[in-house]
């Protein structure tokens, strides 16, 4: 069965300023959608609304045609969200971090899978070091390992390229493309230029900071 | 008088792994130096050592030919450091944040200067809003406003482009160039491609995460 | 990794047991990895008890009179302080966000976290309390009742306190605010807990008090997880 | 902005007064902007005082006997809890790093932060204490001594505690650890503070106690800023 | 002088020299403690007031002395580590802290046990007992702080600072606790007001005290060597050494 | 000798539980500390040797690869 996330007439106000109004978004299998806009235009806010973390908005959300409120758990079972914070416990090793995420997703993984996922983000050799002793980019790579480990069709990624080095960015782009080709879909924000993802759809948000003074 | 920061035979070990050894760095007026390397190669560590924040290294540092230990305060009076964390108080407005930084630098600024610096990072209209209500990129822009406000010859910037949108990146690049042309110098790390800063020097660091397993 | 060739929509199916067990395991590892952190509430407990003779008077008769109340208030404060970090660490590094996005019932996951907290704080406190009772000159027969009342009561304290911890998790200086929210709710537990010890000293049956503590605990067990889950959603939403 | 055309090396010259004043002002604004946070230690103080009659016994004679110690221990705990966030907020958002990189003597800047902490915690506690003394049935003449001893003593508490806060600022669960480190060091202040009130109740001169409190404070004023600065450098280094 | 200090600072040098010193301290410790124990337990006359229960003194007092000395040792090591950056000093501090806490515990425990036959209670809030308890808390604080850092170097520095702050405070705490006790409790029973003891009782005590000190030094040397092996595991000389010993 | 018989010695004039408890706890802690230190040393050396062996085997494997 295929899936579809829809937003109808979405609007969000912050500090007497409308970040966006009358926004209609539709995202289905195989699509990569990029949300664009300058700093402060509301990208993070939009992603949080779409992934059901913020209730402070107007408009309606649908998952496979059903109102989000009714099918929230079904929706969550299909969602993988990566936010500004990597969600990695500093006192645990990368392996332990991933084990928890797998169990949380309702899966019973094994160690080999997790090792492979870590190898996929080039953390071989760091599997057993407490995450506190890794660099900014390595921390985020642990979070990115979840993309390979946990099978979810819809990815919502808020600036996934932050702190990742050039090679890492290229690999991640490939991963996103592959995901779309397998029928998954990706909703992301980033300030990077994404060269190889030529065919992606863009949702531009307001002019953000600049002209937004009341 | 001109200035020079030198590092001689710098070496740093983390977890039985040498991040770098025998590193000689010299940076003088008018130079832009970029420290390169993949995630986990030790860029942040190096910048912290060079700015006198980490004591856990081998080798020696000199400021204008004098050993760093002896001229630490003189050195600090010439340094502007921006780290991973923006150093912005969420409960204060951008203006108040800048006022504190100015006083800390030993300067008696006035409001007009601060307004102008905020305008320079396109935060006009947000001067009086508590920083907690700004987006990730806007927060970092407050930190960047210090570059214009506080006159220091040596800038040490750790991933200054994080969370900044495309236009903002271009403006910041211009600002770095202008600083170097005025005789200042910049030491930075970034994973972005810096097109217009063609002539900058690069210091490559080890291979980082990849081959670093013991 | 076993990978189907094309991705399809997934059912939200079970795995609750696994998720709860993994959360228990994770929090236990986190606690045990910093062995010293288990000691901390214990030492705090002992320290606060030490402050009172120093501040009040070292006279044994007086100390024995106030001992049950002293022990209970100190244990309560120790639990309270350790609660502050229950969700905060998870909030700061973003894993709380991920916990809320898991397709599992939040109250169950949260209950696992609270259980670990009690196991690592309340239970050790209860086990150590007889020693401090001894130092305050509590009469012989009351040690067991002291330990049981603290074990039962501190479980309620953890549950109730977790609601407060969840509500204040997003606020920068939650510590003191948390105390304000939670201390008034602790009063019934305190009254019956200290009452049980007092009754044991006087030789009355402490059973009634313990029964009420048990009732409070089962009430807290039924209601608190929902409260905690709701509070977390509110905090994250801000 | 007035801008010289070319940048040259800069002397590390004065501006210390301005930096200290700005830090004082900044911390005061931060405190005042969250009006409720000033209230928090006060309410915590009052709540702890209320717990004891509930846990121990509401008998007035007993309460009066233990009142000086109770008031002092409660004030001490309130100060302690509010200390945890003294440097933590600055650490989290990176402004502590910037404070350490300022070309100003760190002990002076740090002293400004501690001064604000005392002004917003210790002083209000001292001013409120007579009210709680009244509720615990403290006899008439001792209120002034109570307030003075708390005002003097809490300044030492802020200074000593700030060393602990600086040492634990980078640690995820500083709260309880902080208490562990700092409470033993608080004992002299507690003894002479509570002793002053007790002396005032008994009608002996409390002057000697107050003098010792003053001596402790001046010692702390001389040594603590250096300790705090050293501790901060260590914490940042981690 | 300087050369000597820096030689001492080298873990390798210390590892060698301590290997030579260690046996002597072990021998001295075993001899002193053995003689002192037999003498104290079996030959010293019983106390005319306390009977045989006074024989606890032979473990109680040495442990109490040692407990206090070790904290001073911690502070001195901390100072040496912070000022001269001598790593061995910090390694010694790291192994001394748990030993000091153990000695404090022994003093507390033996005192508490002794209290039952003499005072009829396990514990009373006597000045000396209370300050001993506080010393235990200070030890626990230093140990906990060291363990709380994920970076060993920061943990070492922090523990050093705390030990130094604590050692400044110990006399203040002792003084104030004494003052507090005399204030509240007009001398009903104090440890100091005992009749001075006969020589037959005193000699074994002296032997035991010396024996405990030798034991402390020997054990500290031994565990510091372990700590060196742990921290310097990647150094060439340690690896050579591992091959030789194997 | 302050005691007439072994039995009397063990009874310590009625103070046996106290005297022996204090002495035994002391002895246990001190002996335990020594044993712990020895065990620690042995396991550290064993660890070092294991590391050394692994380093050697890796070295030889690399040589084989290069050849």
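Order of writing sets the chain letters: A, B, C, D, E and F. Residues in each chain are counted from 1.
To be clear about the criterion, a residue touches a chain if its C-beta (ideal position, glycine included) is under 8 Å from a C-beta of that chain, and two chains touch if they have at least 3 such contacts.
Quick caveat: nothing in here was measured; it's all calculated off a predicted structure.
Steps from chain D to chain F, minimised over paths through touching chains, total 2.
Interface chain C/chain D: over half of the residue numbers present appear on both copies, so the contact uses mostly the same residues.
For the interfaces A-E and C-E, the C-beta contact count is higher for C-E.
Using the average of C-alpha coordinates as each chain's centre, F ends up farthest from chain B.
Chain centres here are Cα means. That of chain A falls 35 Å from that of chain C. The geometric centre of chain B is 44 Å away from that of chain C, both derived from CA atoms. A straight line joining the Cα centres of chain B and chain F is 52 Å long. The set of chain E residues that touch two or more partner chains comprises 134, 137, 140-141, 144, 148, 150, 153, 177, 180, 233. Residue positions 56, 84, 90-91 of chain B each touch two or more of the other chains. Contacts with at least two other chains are made by no residue of chain F. Those residues of chain E lying in contact with chain F across their complex are 41-46, 51-53, 55-56, 59-60, 63, 99, 102, 105-106, 109-110, 113-114, 116-117, 215, 219, 222-223, 225-226, 229-230, 233, 238-239, 241-243, 245-246.
By the touch criterion given at the top, residues 90-91, 130, 132-133 of chain A touch chain E in their complex.
Those residues of chain C that touch chain D in the shared complex are 34, 36-37, 40-41, 43-44, 47-48, 51-52, 54-57, 62, 65-66, 68-70, 72-73, 76-78, 81-82, 84-85, 89, 92, 172-173, 175-177, 179-180, 183-184, 187, 190-191, 194. On chain B, the positions that touch chain A within their shared complex are 14-15, 37-42, 44, 84, 122-126, 129, 133-138, 141, 159, 162-169, 191-193, 208-210, 212-214.
Residues 1, 3-16, 18-19, 21-23, 26, 29-30, 33-34, 89-90, 92-95, 97-104, 109, 236-237 of chain C are the ones that touch chain A when the two sit in their complex.
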